[in-house]
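This report refers to the structure that appears directly beneath it.
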Amino acid sequence: MHRAFFAAFLASTVLAGGAQADDGLKDRTIGYVLINKAYATWQTPDGKKECPQGFNHGPREQFKELFEGVTDKFAETQLAYEAEIAFPGTAPETRTFFREAQGPMAFGLNLDGKVGPNDFVSPEGEKGIDHQMYRVVGCTENYRGPDGSARHFIESYMQKFNYNRWLLELADVDSLANDDDVTVTISRGLDPLATDAAGQFASGGTQRVDTRRGREFIYTMKGRIVDGVLTTTPTDITFPESQQRGFPYQSVHAWRARLKLTPEGASGLMAGYMDVERWYHNLPQQWSTHHRSYGAEPMPSQYRAAVRLADGYPDASGKNTAISTAWEVRFAQALIMHPDEPKTVAGKGVKTDVAR
Amino acid sequence: MKHIKGAIALAAMALAAAAHAQTRGKEPVEDYVREPIPPGFQVIVAELEGPVFADAAGKTMYTWPLNAVRNGDLGERKNEPSCDDTHYKVNTGLQSPYPAGLELPEVATRPSCIDYWPPVYAPAEAKAVGSFTVVTRKDGKKQWAYEGYALYTSHLDEQPGDVRGGTKWWRKGGDGRETGVLRVPAGPPPAVPPQFDVNQIASGRLLVTAANDRSIYVYDKDTAAKSNCDTACLREWAPVLAPENVRPQGEWAIVESSPSVKQWTFRGKPIYTHLLDSIPHSREGSDVPGWHNVFTQKAPPAPKGWTVHGNREGDVLADAQGRTVYIYRCNDDAADQLACDHPTQPQVYRLAVCGKGDAVLCNKMFPYVIADKAAKSDTRIWSTIDIDPKTGRKVAAGAPGSLHVWAYRDRPVYTCARDKKPGDIECDSWGELFGMRNGFKAFWIRDDFGGYHG
Amino acid sequence: MTEFSRRRVLRGILNGGAVTVGLPYLNIFLNGNGNALADGTSIPVRFGTWFWALGMSKSVFVPKQTGANYELPEEINALRNVKKDINLLTNMTAYRDGAFFCHYTGWVIYRTGISPAVNNQAPSESIDTTVANQIGRTTRFKSLTATATGDVRSIISYENANTPTTPEFSPVQFYTRLFGPDFQDPNAPTFTPNPRIMMRKSALSGVMEQITDLNKVVGAEDKERLDQYFTGLRQLETQFERQLVKPEPRAACVAPKVFKEDAKPGNDSTLVQARHNMMTDLMVMAVACDQTRVFNMMLANPFSNTTKAGYDKPHHTCTHEEPADEALGYQPNASWFIRHSMESWAYFVEAFGKVKEGDSRLIDNVFIMANSDVSNARVHSLEEMPAFTAGRAGGRMKAGLHIDCKGAQASRLGFTGMKLMGLDLNNWGTKSNQASKEISEILA
Amino acid sequence: MAHFTRKALRGSGFGVAAAALLMGCSAPSQKAETPATQASAIAEPANDGSAKRLRVLTEAQYLNTLAHVFGPDVKTEPHFPPAQRYDGLLALGSARGGVGGAQLELYQKAAVVVAGLITNPERRGYLMPCKPADEKAADRACANQFLAYTGRLLSRGALTPTEIAGFTETASTSAASLKDFYAGLGIALEAMLVSPKILFVAERAEPDPKAPGQMRLDAVSLATRLSLFLWNAAPDDAVLKAAESGEILTPKGRARVVNMMLASPRIETGMRAFFDDMFAFDDFSTLAKDPKIYPAFTGVTAQDAREETLRTVIDHLITKNGDYRDLFTTRETFISPALAAMYKLPAPPNWTPYTFPEGAPRSGILTQISFLAVHSHPGRSSPTLRGKALREILLCQPVPSPPPNVDFSAVENPNSPIKTARERINIHQKNPACAGCHKIMDPMGLALENFDSVGRYRDTEKGEKIDASGTLDGKPFQDVVGLGKVLHDHPSLTSCLVKRAYSYSTGQPTKPSDKEKLEFINARFAASGYKLPDLLRTITLSNAFSRIIETPAPAKTASADVAGATAK
């Protein structure tokens, strides 16, 4: 990875007014910052096709299904439901019922290079698409486009909460059109997204790489560009995902992106096998039962489904621990700055106010 | 009066207005505005919360101001005390999405509001003093109020200076929608010029600007007589300027390093804000060598050997082994909003979210932080208590089968089995409403991004 | 100059005559509107605001047509009786400028022109304060703020960045403040002047004496300027004096009967509406009795906890949880709440329309702006925001129009209002919300 | 035609004469200069000084003073109406304008807010020198103490015993009547804050003992003139003390005070105000760009653009004590994230010093976004507006408004086949009524055509290569960098700053009899290497600054430039 420090970066700007060449590359690098991200959910307008049994019931409805006429004790109802959220079981549901997305169609990537019996076909006809997460979230209103609440708020906090800032930097690039060997680095940025006069996210903003607290989110991998489309080599990564309540992250195995590149931005899909435990505990850690009710999202039922549908990374007992997942993403070009060195190293040498 | 450990009791009325620079050991404590207070009342400078009002017996006073919970309002309006002897049987259902009318846990023994929160009654002839007024309860009894809000003491406070019933800290981190409507200790305002304010955080009482909550810093190279922040320095640090006709007083003075520029000094150090701090009350500036945040009083130190670790969001407190420490928080959903976060209170709430009702699982998932038998604390904020691990209840010291554990504000602290290395926060925001209502929050020391830390 | 000749001057101006008359600028543009009470007193133009929570359901709120002949979609059908007295402004944008607080940023931009950097901390005084400082000085109350929430913590106005205005939240208390023992009934035979004003006035005489001193040291040309200032001081003094003498009788002013029972507490929408209407009646009478010229009314908090009988989610929760009805294309219960809000807005406008002032109605002599916190509450959007004006600002504003603002700054509404009130401003607001153009379509 | 030299202008009178020369838009003539000697060797000619004027305190001066006296958090938002620009400066407008009833109302409102803040229980402990014996009653002694002390700082000099007595009386009667000491004090403070002593700066003259028959500013008036000029605020306690003791009237004492004022960080506030005024940056308050055409230009961009130039100016002229002329060639600047996006550079939050590399077209403050964006149309650049602004703002050469009955259609037609501004502008040359003036505006403006309406760099316009070459008063240049160099050496550049600074400092336009004074100041400025602090020192220590014309200045000056430098 080419590490252009700020001073060096500026000094190299001899172009007219600092203007970039038309291909958007500067010193064979280009930076991008994530501006849109959501599960790639294939939908029909009324949902009848992929959700023939309708959409899922949320906490409110499940509460009635579980407890109405059974008990009216707080400990056996509200606390029991919260306990189930914290420690979801895997036994089949009896009083509640979870609706998985049906059918063969889904957006996503072929993660394992195989065409398996449970794989999907993409709307473009590509076979072998691995995206079992679609079955989990596809019939839950919180995640359906364009404005499912969780879908909207995860994205909205991704945009407005710097904790979630996500950078993608390409180095050793000969051309944005074709280059079979480029270096790709993902990291956390520290700065707000740039906006234009209409309030839309704009290209050309600055992002500083977070080397102070975000080093766990820095990953470097190889990629190749074919006809303007970047594909990265599968890499295990984590990335921050928080709605400003808790401060969790997602863990994805064999993550890769397939992005159409332009000097102004990049868009396409990213996919990998998401760690089921980490994914699940993110749900209550960043949003509450109250919020999950916005789009009728039954957390414990989702857990059961995810465990059942998990399709990768088996543990010692042979149980799959990760589930294939695809997101649609959009990036805006950004100028990325690398600070010289972190002023303080996280984890050691931290000044202590309380412990002293 | 029992021996007071840590706290400083001051008979406020007797003190000269110029009194300042109180200390506890070597550490200075917060100076406060001497307001007129009713006879028999006193101001106690508590270890963590700074100056609070207390009754003659040294019991800290609290208010319960109206606040919004998810689907309605609870708490008290000014001049309208509502905390009474009702024994509530069911929840309010204001905690969306759950319905009302559910029978509360341990309902047969559930106390009333005033069992937990005895009103500070006023004698029949009591008259308003300063911001203290007398309000009439529904039963006709008179009660003291501060700034209109009725005053109560807490059944949890044992010694003068204890502020176990509530804290000024958690009010900042969230609101009623997340935490339920909490009690707040009442106290006199800090003796800071109107340009400043004091924020309660875990590390102590942080000095900030009143206008926008920017944290205040001091610089090692400065002296009381001179600021040594040069041109380059001034691009990142803004001196906090004082009025031309200011009357320095108490711990506050001015320094005039450049002609015609009066800069505030606090306890003999010129003070600044950090222009690069990215969010209100950010403490990023203290990463710059030589620069420090300013506290009117620092929190008592954590147990010996405990550590602080950074992570992707900020810094957390950890035990001597580097395991992140967690606090358990709980407020119930009845109209009187009784707390459930203390080991003398119902444990069914905690058991639900820490182990699905199973104490064994609970203790495995969220182990207590075991204290050495000989462990000692110089502060009542950090203490060791004995817990029956089967019930989670507090028991007498040395009771058979009990665990000797560390407690913060008289409540046990925990670690998390999912954490693997120092700085991990896998169990932060665990439980109902991301741990704000019935669950676990990491012991946050610092937050660089802004969020709901509790 | 007598009132009569002033009006003649004005008529000249309105008919296109040159403004060369030595009338104090303010008196012409703030107080004169070519409209007068029967006794010749000119009718002042008043400024008001109204707030409703949680935006709209666009598909049934925004009319298909613009201009005067627009049809009211179903969500705002309640406005049919007041349509001629209001303008509906749609498609305005509140710019976030780098910070966003879900239910706070939007309305604060409408009221300050600035996107707040800190949640629940206003970036400046709010528009009503700015206007009141200009036009609210001669009345008993510089401005009045009321809420129908029954909750004193409902904030819709700021006296300055650090000081929210405490609203009137109890009709009984509001009644007492307005019409209790301190009420100076303009139609009553007796009058007690405000001692603070008396002191201010007498302090001014001292100030005027200082001019003598200055006159000694300045040249002839500068003496003219001092004279102008002296005239200004005299005007101030006159303003104070006016407040110390018994006010002109106001035919429209009828102090309401004593309220014995306060509005019922509670969040049920019928209770909120009842409180709103009680507060509105009091507010209208406060304006008619010239107790204030600036007023704010707040129907609900942005995080509205208003409930609908038989429906388990209060308004705010409802906007997030309720699925859109496929056939209808919007959230039916969320829309129900907005429809109820619009009933209250209609009541508010109608209440001003019912009061006669001279030959006109009170509504003709006010500028009221109404706004919300968001456009689509489900996603907290600040684009395509709706707002209203009501009244005719003493003839300076048109009414009865639907304007598609085509993404214009939300702050333009406030800027327009302030210009209509005679404030001499080049612009209002900061950064992307800095407005320097009026919404010209509604100017008469 | 003679070419320019870098020498001081002595005896040329160019700075004064330039305005007249451009009236008819004939090409400015240039005169030879004589070499300068050591600055200190250049003696001030005998001169008549300036008139003593009655100035209205500007909104900024009023607010700065309140913030200084009562603390930075004592803020009010009075929204005073903007002043009229006169002879290139708003400051001169406030020496002509009055305080009308409407404005006085705003002052009174601000006064109520301020008095309320100061007497509130939180603040008064830190601002009051005493406590009343009884808060519910009058306390004459305490009120007197506060009012006398505060009155001196606010009124830029001690109040007379009568005045203090008057305010104290107000405070006491009001306190007694309102049964509240602080409420009474507030009433007195309110009155003080609208009193003529505060709102008006009335300069007083006295006979100069060293120059019989001549008048000079008295000590307090001198202190005030210094402070308003250098700090844009009232003098502080130290400056007032130097005035009250008479020290400021001695050459040594005056020099000490001036040096102290120049050493104070408040000089930055003062010079920001001056350059903001001189550069007509008040235009930023109404600047808007068409968001459809320039989506990247936001309100933040505009705000930061203004700040960038002011920061550059202060850093270059004060922090670095640089040559004024180098402002037009310097590559050093400061960038913020919003500006960085326009310059296509990365920048961390806040402001970062930055140097444009050699070879980049950004060179000098003219190539900063501020000038380029302010002097453009919302939807496209305007060589004419830019050229006019440069002439008027930087060279003090007012350009007349266009003649009546001009057909603009050829220039304004958006569908015209014309591609570049140069082709469009050439139309001007075809109409003799236009040609005269456009000849002097357009070439400068065309040199900036490599920057669009929002100041972004471009090589071409509608596919056509942009030709940015031209001449300025006979000196050829190839591009905007060349223009900066020519401008750097243009004698009017420095004489214009001198003219503006001098008239800003005295609050009055220059007059024909100022010719020699300005030449003297110019010469000293040149000899110092065009250093701003030296210029300020020269002006403030000169007789021209403190000498008072016995009979007040004549009334109206020529009105050709009243419309201001920025008519569009």
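A few points about this structure:
Letters A, B, C and D mark the chains in the order given here, with residues in each chain numbered from 1 onward.
Convention: a residue touches a chain if its C-beta (ideal position, glycine included) is under 8 Å from a C-beta of that chain, and two chains touch if they have at least 3 such contacts.
These numbers come from a predicted model, not from an experiment.
Minimum number of contact steps separating subunit B from subunit D: 1.
The innermost chain, defined by the distance from its C-alpha mean to the mean of all protein C-alpha atoms, is C.
For the pairs C-D and A-D, the count of C-beta pairs in contact is higher at C-D. If each chain is reduced to the centroid of its CA atoms, subunit C and subunit D end up 37 Å from each other. Centre-to-centre, using mean CA coordinates, subunit A is 53 Å away from subunit D. Rounded to whole angstrom, the centroid-to-centroid distance between subunit B and subunit C, based on C-alpha atoms, equals 41 Å. Centre to centre, using the average C-alpha position, subunit A and subunit C are separated by 46 Å. The residues of subunit B that reach two or more other chains are 70, 96-97, 99, 210-211, 278, listed in rising order. The set of subunit A residues touching two or more other chains comprises 58, 60, 195, 197-198, 290, 293. Counting partner chains per residue, subunit C has residues 95, 98, 161, 312, 317, 321, 432 touching two or more of them. Arrangement of the chains shown, judged by which pairs touch: all-to-all, with no pair of chains left without contact.
Looking at the complex, you find that subunit D touches subunit B at residues 68-74, 120, 122-123, 125-129, 149-150, 153, 231, 236-239, 260-261, 263-266, 319, 349-351, 353.
Residues 70, 90-91, 95-99, 101-105, 178, 202-204, 278, 286-289, 293, 295, 298-299, 301-302, 306-315, 317, 333, 348-349, 352-357, 361, 422-423, 425-426, 428-439, 445-446, 448-452 of subunit B touch subunit A in their complex. Subunit C contributes residues 93, 95-96, 98, 100, 312, 317, 320-321, 323, 326, 376, 378-380, 382-383, 407, 432 to its touches with subunit A in the complex.
Every residue of subunit A that touches subunit B in the complex is listed here, in rising order: 58-60, 63, 72-75, 77-84, 86-87, 161-163, 188, 190, 212-214, 216-217, 240, 242, 244-249, 281, 284-290, 293, 343-347, 350-356. Taken together, the subunit A residues at the contact with subunit C in this complex read 46, 55, 58, 60, 141, 147, 149, 152, 156, 160, 192, 195, 197-199, 290-291, 293-296.
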